[in-house]
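Same chain, two partners: subunit A is paired with subunit B first, then with subunit C.
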Partner chain A sequence: MNFFRSSGKNRFNEVQKAFEKCEDIVYRTFPQLDITLIYFDHLVEKLDLDRDVIRPLNQVTKNDLQGLFKQSQFERTQNAAETIESILNGKVAVFHGDDTYVVNAYGPASRAVVESETESVITGPHDAFTENLNTNLALIRRRVKSSKLKTIKLSVGEITKTSVYICYIEGIANDGLVQELIKRVKNIETDGIFEGNMFVQFIDEHPHSVFPQFITSERTDVIASKLIAGKIAGLVEGSPSAFTAPTNFFEFFSSPDDYYQRWMLGTALRLLRFIAFIITITFTAFYVSVTTFHYEMIPQALLLNLAESRSKVPFPPLYEALLMELTIELLREAGARLPSKIGQTIGIVGGIVIGQAAVQAGLTSNILIIAVASSAIASFVIPSYIMSASIRLIRFGLIVLAGNFGNWGLMFGIALIVIHLCGLTNLGTSYLTPVAPMNANDWKDTFVRFPFSLLVKRPSQVKTPNKRRMK
Partner chain B sequence: MCGVLRFACLFMALLLLCGCSADKRQLENLGFTNSISYDLYTEEDNEERKLLVTTSVPNIGTKTGKQREVLTAVTQSSKQAWVKLSRQTGRILVNGQLRNALFGMELAAEGLMPHIDTLVRDPSIGQRVNIIIVDGKASELLKKDFPDEPPTGQYIYDLLEKEEKHNSIPDIAIYSFARDLMDEGIDPVAPIIKMNKDHLMIDGIALFGDDRYRTKVSFKDALIFAGLRGDLNQGELNVDFKDANEIESVTLSSVIGRRMVKVKRVQNGEIKVLLGLHFKGSVLEYIGSRELNDTKDIAFLEGQLSDYLQDEAMKLIRHMQTNQVDSLGIGQHVRNSMRYKEWNSLDWKEAYAGADIECSVKVTIINTGKFQ
Partner chain C sequence: MREKINPYHIFMLMYMVQSGVGLFSLPRITAEYFGTNGWLAVLVVSFIVCLNIALFYIVYRMGKGRSVFDIMESSVSKFVLFPLYAFVIFVISLTGCLLGKQYILMFQMISFQTTPPYILKLFFEILLYFLLIKGIYNIVKASTVFFYLTSWMPFLMLYHLGEFEWQRLTPFLFQGETSMIQGIIQIMGSLLGYEVSLYLIPYVERNSPFFRAVVLGSLYTSLVYLVVCIVSFGFFGFTMLLHLNFPLFDLFAFIELPFVERFENLLFIFFIFKVLITTIISFWIVQLYLGRIFTKAHPKLLIFMIVLATYIVSNFADTLTKLSRWLHYLFAMHISLNFLIPIVLIILLNIQKRQEVT
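Right after this comes the complex of A and B.
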């Protein structure tokens, strides 16, 4: 007997002690065989447990036991700590004399694979990741049938011990970037991680930036397509959001719809989203700046209407705009928290309050309503919710600058944003690739979406050793 | 952390102190001058000449029931007038939305330079302000309300923009006026408007020598004048001529005109200028005895038109020469044909009056309309 191995009895006691006061643990004994099973009832799949453990044990005689334990589902564990971890991971521990075995029967309750609510597309696959890591891996493997798809398992969180899988395609993804990502995951020091979007905040380079630096997606097809483009994907246990790296700013404006529709439509939609981006950050600010400082810029036909509707408002344009923006944000936040049935009420109340009453009561001008509403709508055009939320926040800063310094302030604010974006990096690559550093080839799939026959190269940002697609 | 705190303080300051800024131009507090007019003003018992400045400011909303406010001031200079005008209204008077600058004929004859200078120098005034000469007193025209039309300032603007599109008056933006004024090779022009009983009307084109009004071209000749001045892309031409003792009349529409200028030096150093005009258009109306289906008749018509237009053009050129106004920009072409030194030593104003300027007009009828 190995010197390091504790005796069977001791080990059993150690495990028992570890699970003291865990009243959801199950002990099951087979006295005639001198066997005790320990497992969490709710972590194991009943059918698997029955097939792999209970039924064989019921049928076997004491003499044949050693033969049974030679079957592959029984893994021998070396010490108590390993056994405890296995039980926590949903395995069944089998104590027999001096030996301990664990059998995998992991099957926790999880919801079915359903459509993603935050990233729905009109045409295209509707399956999205769930909270179950194995399901998520299966969804990816089902799409990428290649042995080159490598998965590295890591564990994060001192207490939660959350599993994280780093997936990449060997020969396409850059090894240096994979190693860098693994190093960062290993360096995370925290108690627990519960969400993919939370996870990426532990590994990004600029935690104080308002912009998300890793793109996350619940869509299987998005992650699969990014994998074959040479990016590295990460799956976090218990979260339907997977992330990919390296990420650039413009990725947040592309949607799988761009690829599933004809390329001209895809291009038009991309451009529409960039226009929406400009509208959402500048439209209200521009209104404030023009009505406060730059009356010269207003077309003559609009001037009198605008001045008339402004003349009924008692506040300066800055406060007027902040008031309306705040109301819209309140409505949005309330709508997001409420169940959808009550959410409709919010829509109606908001529609009446904002659309009609505010103007009639003389709180805002009706042209501001259009500005605020169109910039709110434009912000929802951006496919990534995290990015659109960031952009909505920036808008407030621009409005205040525009209200104080006019167009000069607006330009100053935009310059600050651009400077900040230029400084951001993701896994050591520039956040503004392919604009800075400039890469003309990448532009075919950034602001526009060229036909597939022209998209022959993988994006430069992934630093792939295998530049041409289809290899 | 300190940085975040500092940023938060700055942000709060921006929010709370935004009312303290003095250079704000909040829309509802402004009076946008739409039109401004300048006239000479002489009191009866006083010989001193003053400036009468009138401005029209559209009202916002329906607080007063009137669509616009008209302010008047009598001063020495146009900037002084501005101060005096502002004193009369509760709104901040601004001129960033100025559209029309009207000048009385008398004042125009005295020279517009100081006023043009004010208008061009102020950065808030756009380059597209219309320069307009009024036959009579400009302030009277601006004060008058025309019941069937939009507020007077807007009415003038709409009227002139439309006419400018149809080439019956030249480009009237202050940009072109100031540019031509500064250019030695061309003299500026501006439209003349006149008051009817209850409407405005374009009376013709004022021709300036330097900044002074000299003479005018009547509205009838406006298109020919436009054709002489440069290329045309659109226009309408009415021509009456005699054919076998009967007066016939042709209207050409969609007229495209091309101008060509040739400057020749004759042996003794004298300058000879050849202006070639080519008009193309379709017949929209024809009152006369000929069949327009026949190519011979069309050729005849083209000949008649060419002759008539050539006569008219020559009359115009002679008229300008006698008045010493080079509104066609012939000086520019002359300048381009010689060395700078030579141009410098040439007194073009003098030379222009006696220059040998010839004009030949060719008319092509593209089609003759639907009636066969």
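Right after this comes the complex of A and C.
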């Protein structure tokens, strides 16, 4: 099909043929003006359509049509392909003789701006991104009122043609990193993309790693704060998750709450999250290691209770732990899929009934229940759900290693994780910044949260040309 | 071009490379070879190490950032150099792998008496391989993370201050049965690893305080060694130290926590990070030498061969006594090389300078 420079009649036929068997498309004719409109009723806003197209066409005479088409809302298209793409993007195509125009009346139904369920905060703003790209851009622009906030529109997906906006603040974000990100987005080869978290997997440098390499957030304040720190943000059409880059491992442990509360509280919370990370990753594995190989490490006061509790369990600690960890994961997954009210019931059933019954039935020891529950609770302290899920998965590997090789296996696993993390990069920057490569200044906002008066420099990872904040 | 290695990281790398499992027996070695107040020998050896580093610094200045290999190969034929390379490969790779094996045999003795050491060593080899293939920049990053994971350990010595008594140090200096040359080799052996600075020259930024970081890193290691030795002398006393195989282990055993017993087992396992970096840096140097001999070989294949060959050889050292004997000879050869290589390089650089002038 030749989409280039076709005559008006041919172009109309090509468009009509392209939308064959699309019963949701609307053809509307104005015979007295020799005009046909083609659009998707559900993609256009009725008021815009009426104001910009229908009403002017009803009021105009055939002789004045050329004058009407000179108005700014009418954009002339050059070929059928462009017209088809415009219709798919919610524009109204106006066919008149050899000319084709499109008018933007995009306004599909979308949900209202509501609170994010996965990233709730105690204090701070509650508005979160929606699936509507324009709404999301508006939410960012409302927070960053600067003409230096630049947006670059790209399209991804051979079939879905999903729009992606790359946003950055000129003069603060590193141009090289912006160009690198754009290059990667342009190189994506796929049929379709439906979500921000799915999108970032196409631009990862290490797609086989278990760790998320781009931080994603539904919170507008988070994205705005990262933009002014010199990071680059990306918005994906149809997704409430925006992403930012470059990202480091430690960023996944910070939450907006850290900044909205007093700095000492923010610091304490952040440290708590790192402790939670250590507990999640090692606690159950350490229990398995100690009860399988290193009984000598258990204090005497605890030893009797533990031995009594373990004596009723017919399995080795490894199976016992894997069984309980698996149960917890089942409960979590079931709770996530069910409506919140039923989800709570599952929590109670799982937490009390299964836990209690498992101990009484002699399937598991009560100390293991404490270990498994503590590490599960600790995993939910990590603000990023994606990171939390990755860490929970790694935990299984450590439990298996600890169950087979005790503390040696546990340390081997930890060393392997560190080695893996050392090799990860995000947009060419180290994933372990600011620990390795080390930047002492960045530590003020990594493991702790210093008072704002001391946070005067932007993070080193963004390689900003404008290192000092407030400039 | 790859990012250059920052002096901060060099400092941490030096500490991680130098400090290792040798620290566990060091207080006994100082007592055995130097007699009363043998801990002072650490200061002497630390000074010798600094002199050796000074030789590296002269090479760095005179060579203007050129690598060791570039300097050597631009003046000496490869037929002469390759046997020397082979000898260096033999000494460094064996030292590295046997230090790893020493740690594993000690670990086996403490926790896994019935598990064959070759199984435990296999895990160690896997870590070596995966880190080595990532290149020096990532090795340095890993050493930084491992440094933080173990940086708290020297502070454990504070726990023993309550039991420390100055009178146990005695007023006598280097009295008892002594063998100072042997002792210096042993102590220097536990401080080996600083030679990596010579091979890191092309990877650091010119005019950065690179050698200051090397010296500070080395001094920090010496300080930790010194503290451990002083505490051991003041805690156990000279006579008892002679009868303890691994005094640091006994010091750790003294630490009691309410929620965990045999804390020393847990502490000992943290040393895996230090030993890993010590061994990996040795293998990295070996990889550089092998890369000069087998110029067309794939780096991953070379690394695999290094890890495999040293794994096989290390299995022959099946007892700690045999291993200590082997290590003693290797330390002597390694120390000689550490002095010989920079001296040869300085001579070559002088010749090259004269040739340039003429």
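In this section, the second predicted complex is superposed on the first by the 464 of 471 C-alpha atoms of A that agree within 3 Å, B and C clash if a C-alpha of one lies under 4 Å from a C-alpha of the other, contacts with A are read in each partner's own complex, and residues count from 1 in each chain.
Methods note: contacts are C-beta pairs under 8 Å (C-beta built on N, C-alpha and C of every residue); 3 or more make two chains touch, one makes a residue touch a chain.
Source: prediction; values computed, not measured.
In the superposed model, A:Thr280 lies in contact with neither subunit B nor subunit C.
Contacts of A:Asn407 after superposition: subunit C is touched, whereas subunit B is not reached. Contacts of A:Gly423 after superposition on the shared chain: subunit C is touched, whereas subunit B is not. Contact with neither subunit B nor subunit C is seen for A:Ser379 once the two complexes are overlaid on the shared chain.
In the superposed model, A:His294 makes contact with both subunit B and subunit C. Contacts of A:Ser241 after superposition: neither subunit B nor subunit C is touched. Using the contact criterion defined above for the overlaid structures, shared-chain residue A:Ala415 touches subunit C, although it does not reach subunit B. By the document's definition of touching, of the two partners only subunit B reaches A:Val313; subunit C does not.
In the superposed model, A:Thr83 makes contact with neither subunit B nor subunit C.
Judged by the document's definition of touching, subunit A residues 293-294, 296, 298, 300 lie at the interface with subunit B and also at the interface with subunit C.
Every residue of subunit C that touches subunit A in the complex is listed here, in rising order: 3, 6, 8-9, 107, 111-112, 120, 123, 126-127, 130-131, 134, 138, 140-142, 144-146, 148-149, 258-263, 265-266, 269-270, 272-273, 276. Listing the residues of subunit A that touch subunit B in their complex gives 291-296, 298, 300, 303-304, 306-308, 310-313, 316-318, 397, 400-401, 403-404.
Within the complex formed with subunit C, the residues of subunit A that make contact are 293-294, 296-300, 302, 405-409, 411-412, 415-416, 418-423, 430, 432, 435-438. Partner subunit A is touched in their complex by these residues of subunit B: 11, 14-15, 17-19, 21, 23-28, 30, 32, 58, 60-61, 94, 96-97, 99, 124, 126.
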